[in-house]
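Heads up, the next two complexes both have chain A, just with different partners, chain B and then chain C.
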Partner chain A sequence: MRIGIPRALLYYYYYPMWKTFFEELGAEVVLSSPSTKGILAQGLKYAVDEVCLPVKMSFGHVLDLAGKVDYVFLPRMVSVEHRKYICPKFLGLPDMIRCLDGVPPLIDVNVNLYRKDRDLYTAVKKAGSYLTANQIKIWVAYRRSVAALQKYNRLLQLGLIPEEALAVLEDRVKNEPLPYPSDLNVAVIGHPYNIYDPYISMNLVGRLRDMGATVFTSEQVPEKIVSKYAERLPKRLFWTLGQRMIGAAFHYLDRVDISGMVHVAAFGCGPDSMTGDMIERQAHALQAPFLSLTLDEHTGEAGILTRIEAFLDMVRWRQAEASGL
Partner chain B sequence: MRLTFPHMGNMYIPLKAMLQYLGADVVLPPPTTKKTLTLGVKHASEFACMPLKLNLGNFIEAHERGADTVVMAGGCGPCRFGYYAQIEHAILREIGCDMELIVLEPPEKHISEFIAKVRKIAGTRSWWQVIQAIRFGYQKARAVDLVEIASFKARPRELVPGATDRAYDRALALIDGAASPDELKYIVEEALQIMAGVAQEHSRPVLRIALIGEIYTLLDPFSNHSLERRLGLLGVEVDRSIYLSEWVNDHLFMGLIKGMRSKKEACAAAAPYLRHFVGGHGQETVGSAVNYARAGYDGLIQVFPFTCMPEIVAKSILPGVSDDLDIPVLMLIMDEQSGEAGLMTRLEAFVDLLARRKETGEVVNR
Partner chain C sequence: MKGYLGIDVGSVSTNLVFLNEGGIIKEAIYLRTQGQPIITVQKGLKELAGRLPSGTQVRGVGTTGSGRHLAGIIVGADAVKNEITAHAVASLVLVPGVQTILEIGGQDSKIIILRNGIVTDFAMNTVCAAGTGSFLDQQASRLNIPIERFGEIALEAESPVRIAGRCAVFAESDMIHKQQMGCSLPDILAGLCEALVRNYLNNVGKGKELLSPVVFQGGVAANVGMIKAFEKELGLPVQVPAYFDVMGAVGVALLAREAVVKNGMSYFKGLSVAESKFKTGSFECSGCPNMCEVVEVAEDDMVLARWGDRCGKWCNQVNKEEKVS
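Right, the complex of A and B next:
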């Protein structure tokens, strides 16, 4: 049986886990093609205008899998940790996708850890039941998939971006990539599906690296530090990804070796309108260089490039000034 | 301590009554106007949804009138309303309108947090009095809703143009003036009498449209450009999927008062289309659409603020409901850019379409 996984949204966090799980149970995992203009065009055609760019892209990726697979794995990611949600659009995603024509049947198990942690296994069992009735096999596959996820997360914390980490996990490269030559460190804060999708972010990470900056993202910050810094907020945040972005941003703003911050938001993103605002206020208060990029399907590459160049120039001037040159 | 709270349509009537019953000094923000919105837009982040901007404008204007404490509701996600109070507080501090903040929300760690907040508002008054105050507030909310429903029915059928609006304003003023629960009892009767006194042509054929969507833009006439009034004047009888008293019964009393429409029915009806709650009122919107279609309404209008996440999910799903149950849906998205002329054109076109559909439908069925 062939199971399709769209290369969008939480693929960037959980792909190694999902892949290992289904392969352990004897399925063939098919990934949708990397994001392109064509895939986005498909998404734009079928999604309502108001949804954000990454969700439109995910529509395109699901449609890309149509005809190639028996099932599309599209879990309803309600909550991945206690008392926190992802985003309302993730809660309704399977229902929105089901409205489209020509979509393969969905494996849309509910992942909801809002109340207690052990509920995860109910979802795992249900996903596994599409492939086998053998409970032991499901359990073993689940354990292995968790191990794969942990390995992946360790690689992310080392500073690899998902693409590189996956290449290492799948033995596509001999060695882990060497650090890029750089003269300054820049933090890039944003939802993983925005900054790591090279089409959505116009290869932001790659461009910054080419321009001589080492990129730090929120995935490199260990969970403990994230929650420690997020405690500065007047109220506990109820979005998992928002909490990670805020905690990491506050952490990076405190670090002297990080010279600037780029905040990436999708146009019309609800959580970003709140967390981005708080991060920007903090950056203003600390007088840290801060670039805010808002992306949608009309964003032009040239405009983004100019702004990144100008931002890096400004950061470098500030550094030169500070060192008395 | 001089308390204030944000506006949301007629919510100020019950809320003011409740707080004053507890002896609080209430400063009502001036009615929401274009100026309120401009103030909010100036200071809030660009992509914050419109209710946040209007709240913020209300607070700034109330601060000018001498308020020093804000009472607000909170929440625990996933809709961003749960974080409104904190963001608004940060913005107010930054622009020099420092106000104390009392957020009434489900406690994070212990019930004592909530009790402390109620104590701050109620002072030394007993819990019995707090309960009485909430009851008084609820009764006013119900009275206001009954008057509003009566106005929805009267407006498309009124014989003297503007008679309904005048009666509605008088009835609201009466309810607002009721000082005690005992007084309220006969004032409700009087208010409903006033509404019943509007001369109507009962045989006039009217269209029926249901308004569904996000609570703030549904309840607040400023944010939806008095949608109900406009539709009424176009000869449409409207109903709304959310009324304040129903919301209070559902969310604060946990459905204690029986015999009222509840969100459970709406969520159950949404099941084939949207099988999970999506925060805010997304699932209720889809469910109410199904219920209204089955109840034989001629059309639906979904109203929500720009970038509202739960309603975007509902919007993606509503075309399916519209096809299956054969009911036209118009989506109206409100923000600081929405203009009145554009809105009127769309409403007129939609109403014409429904009228034509009804006419031909009746001919075909005959």
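Right, the complex of A and C next:
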């Protein structure tokens, strides 16, 4: 059986887990192609107007899998940790997708860990049931998939971006890449599906690296540190991804070796409009160089390029000043 | 005379500035780009060659503005810099001690905050272009008044009307409504200036500390109505430097001077490029579903540069010699 996984949204967090699980149960996993103008055009055509750019992009990725697979794995991601939620647009995603013509049948198990972690296994069992009735096999596949995820997360924490970490996991490269040569460190804070999709972000990470900056992202910050720093907020945030961005941003703003911060928001993202502002206020209070980028469907790259060039100029200028040159 | 040339190719205007070796501005030319950046740059060079005394030696050239890469290739630039850095450099030299730069150009607006002679913060308009020169231009032509007279008419206002400046489209319908109610033209124009200033300060200036001396530059600074509206809203005097409309070009000429001193040579092709035949064209690459629009610049049938492709397949062909290492 062929199971398709769209290269979008939480793919950037969980792909190694999903892939290992289905492959252990004997399925062939097919990934949609990397984002292109064509995929986005499909997404824009079929998605409702209200959703944000990355969700529109995910529509395109599901449609890219049409005709190539027997099922598309599109879990309903309600909550991935105790007392926190994923954005509401993810809750409705399987239903929105199902309405489209020509979409393969969905495996849309409910992932909801809001009440207790054990509830995950209900979803695992259901997803496994599409391939086997053997409960032991499902359990073994699940254990292996968790191990794969842990390995992946470790690579992300070392500073690899998802694409590089997957290349290492899948043995496409034989050693772990070295840090890029750079003269400054910049934190890039944003939803993983925005900053790691080179089409959506207009290759932000690659451009910053080309301009001589080492990029630090929220995924490199261990969970413990994230929650410790997020506690600085007067009230608990109830979005998992928002909490990660806030905690990581506050952590990086505290670090002297990080010279500046770029916040990436998708136009029309509700959580971003709040967390982005909280981060910006904190950056201003600490007088840290801060750049806010808003991404949407436009393909003109001049705007992004001008902003990041000017930002790095400013950071370098300030650094030179600080070191008394 | 020896000196340095700065060229700022913006969406609305193209400016050329010639500085002598001491950094004194000798010539400044302001032209409308009218969607033809190459021809306009050539026209500017021709005009400059006519104005400069014979035997003038151009020791280096820099380009900035949204057309900086194109212009840089045409003339052989020593410095190609984003407009934020260029504007900051020019202000620092022409208005010593400047702490706030308000810059409103044709299609973008920016704020630059400086402290102790270095840029500490900046912002540019995000996905919205309300509050830029193009909008004023468009409204002036809709009201049938030359843009040059916009400001002086606005100054005649007795009680400026309130216009919603949040979005250019709605501002226009608001203006039409006010016209139909019978408000006077000066009151509407002054109201429009105030709306733009409000929108600028809310959007671009959000959360920034605006300290005196405040400098207002960019093409829109020619509009006295806008200057007055800024002073009223900020409660601070607003200075407009003598070369407010060519500040980007001044800044990049200064940067070119620095670059030439550092490199010990210049890439400038000479003022004669005004006579060369440049051809630009674009084609859609069919290599993948991105369908990138690749732009090609050729001088006498020799391809100088290509850009616009996301994968580098076309632009790398031209830059090959550079890339080999």
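Following the convention adopted for this analysis, the second predicted complex is superposed on the first by the 324 of 325 C-alpha atoms of A that agree within 3 Å, B and C clash if a C-alpha of one lies under 4 Å from a C-alpha of the other, contacts with A are read in each partner's own complex, and residues count from 1 in each chain.
Note that in this section a residue touches a chain if its C-beta (ideal position, glycine included) is under 8 Å from a C-beta of that chain, and two chains touch if they have at least 3 such contacts.
This structure is a prediction, so every number in the text was calculated from the model and none was measured.
Visitor: Mind checking the superposed model to see whether chain B and chain C fit together on chain A or clash?
Guide: fit
Visitor: Should A:Leu31 be classified as contacting the first partner (chain B), the second (chain C), both, or neither?
Guide: In the superposition, A:Leu31 touches no partner, neither chain B nor chain C.
Visitor: Report for A:Pro289: first if it touches chain B alone, second if chain C alone, otherwise both or neither.
Guide: So A:Pro289 only meets chain C here.
Visitor: Is A:Val146 touching anything from chain B or chain C once the two structures are fitted on A? First, second, both or neither.
Guide: In the superposition, A:Val146 touches no partner, neither chain B nor chain C.
Visitor: Classify the contacts of A:Arg281 with the two partner chains as first (chain B alone), second (chain C alone), both, or neither.
Guide: It touches chain B and chain C both.
Visitor: Once the shared chain is lined up, is A:Val78 touching chain B (first), chain C (second), both, or neither of them?
Guide: Touch status of A:Val78: first partner only.
Visitor: Now for A:Cys87: first (chain B), second (chain C), both, or neither, which partner does it touch?
Guide: first
Visitor: Count the residues of chain A touched by chain B and by chain C, then name the partner with the higher count.
Guide: B
Visitor: Once chain A of both complexes is superposed, is A:Ala66 in touch with chain B (first), chain C (second), both, or neither?
Guide: A:Ala66: touches no partner chain.
Visitor: Could you tell me if A:Thr306 is touching chain B, chain C, both of them or neither one (first, second, both, neither)?
Guide: In the superposed model, A:Thr306 contacts chain C only, not chain B.
Visitor: First (chain B), second (chain C), both or neither: which does A:Asp95 touch?
Guide: After superposing on A, A:Asp95 lies in contact with chain B but is clear of chain C.
Visitor: Once both structures are overlaid, what angle do chain B and chain C make about chain A, taking C-alpha centres and a multiple of 10 degrees?
Guide: An angle of 80 degrees, rounded.
Visitor: Using only CA atoms and the superposition described at the top, report the least gap between chain B and chain C in Å.
Guide: The answer is 6 Å, the least C-alpha separation in the overlay.
Visitor: Using the superposition on A, tell me which residues of chain A are in contact with chain B and, in the other complex, with chain C.
Guide: Residues common to the chain A contacts of chain C and of chain B are 267, 280-281, 294, listed in rising order.
Visitor: In their complex, what parts of chain B are in touch with chain A?
Guide: Contacts found on chain B: 45-49, 74, 76-80, 82-83, 85-87, 89-90, 94, 103, 108, 273-280, 282, 306-310, 312-317, 319-320, 333.
Visitor: Can you list the residues on chain C that touch chain A in the complex?
Guide: Of all residues in chain C, those touching chain A are 66, 81-85, 108, 116, 118-124, 126-127, 207, 288-292, 310.
Visitor: Under the touch definition given earlier, write down the residues of chain A that touch chain C in their complex.
Guide: It comes out as residues 33, 36-39, 198-199, 203, 267, 280-281, 284, 287, 289-290, 292, 294, 296, 298, 302-303, 305-307, 309-311, 313-314, 317-318, 321.
Visitor: What residues of chain A sit close enough to touch chain B in their complex?
Guide: 47-48, 50-51, 76, 78, 83-89, 91-92, 95-96, 99, 110, 233-239, 265, 267-274, 276-278, 280-281, 294
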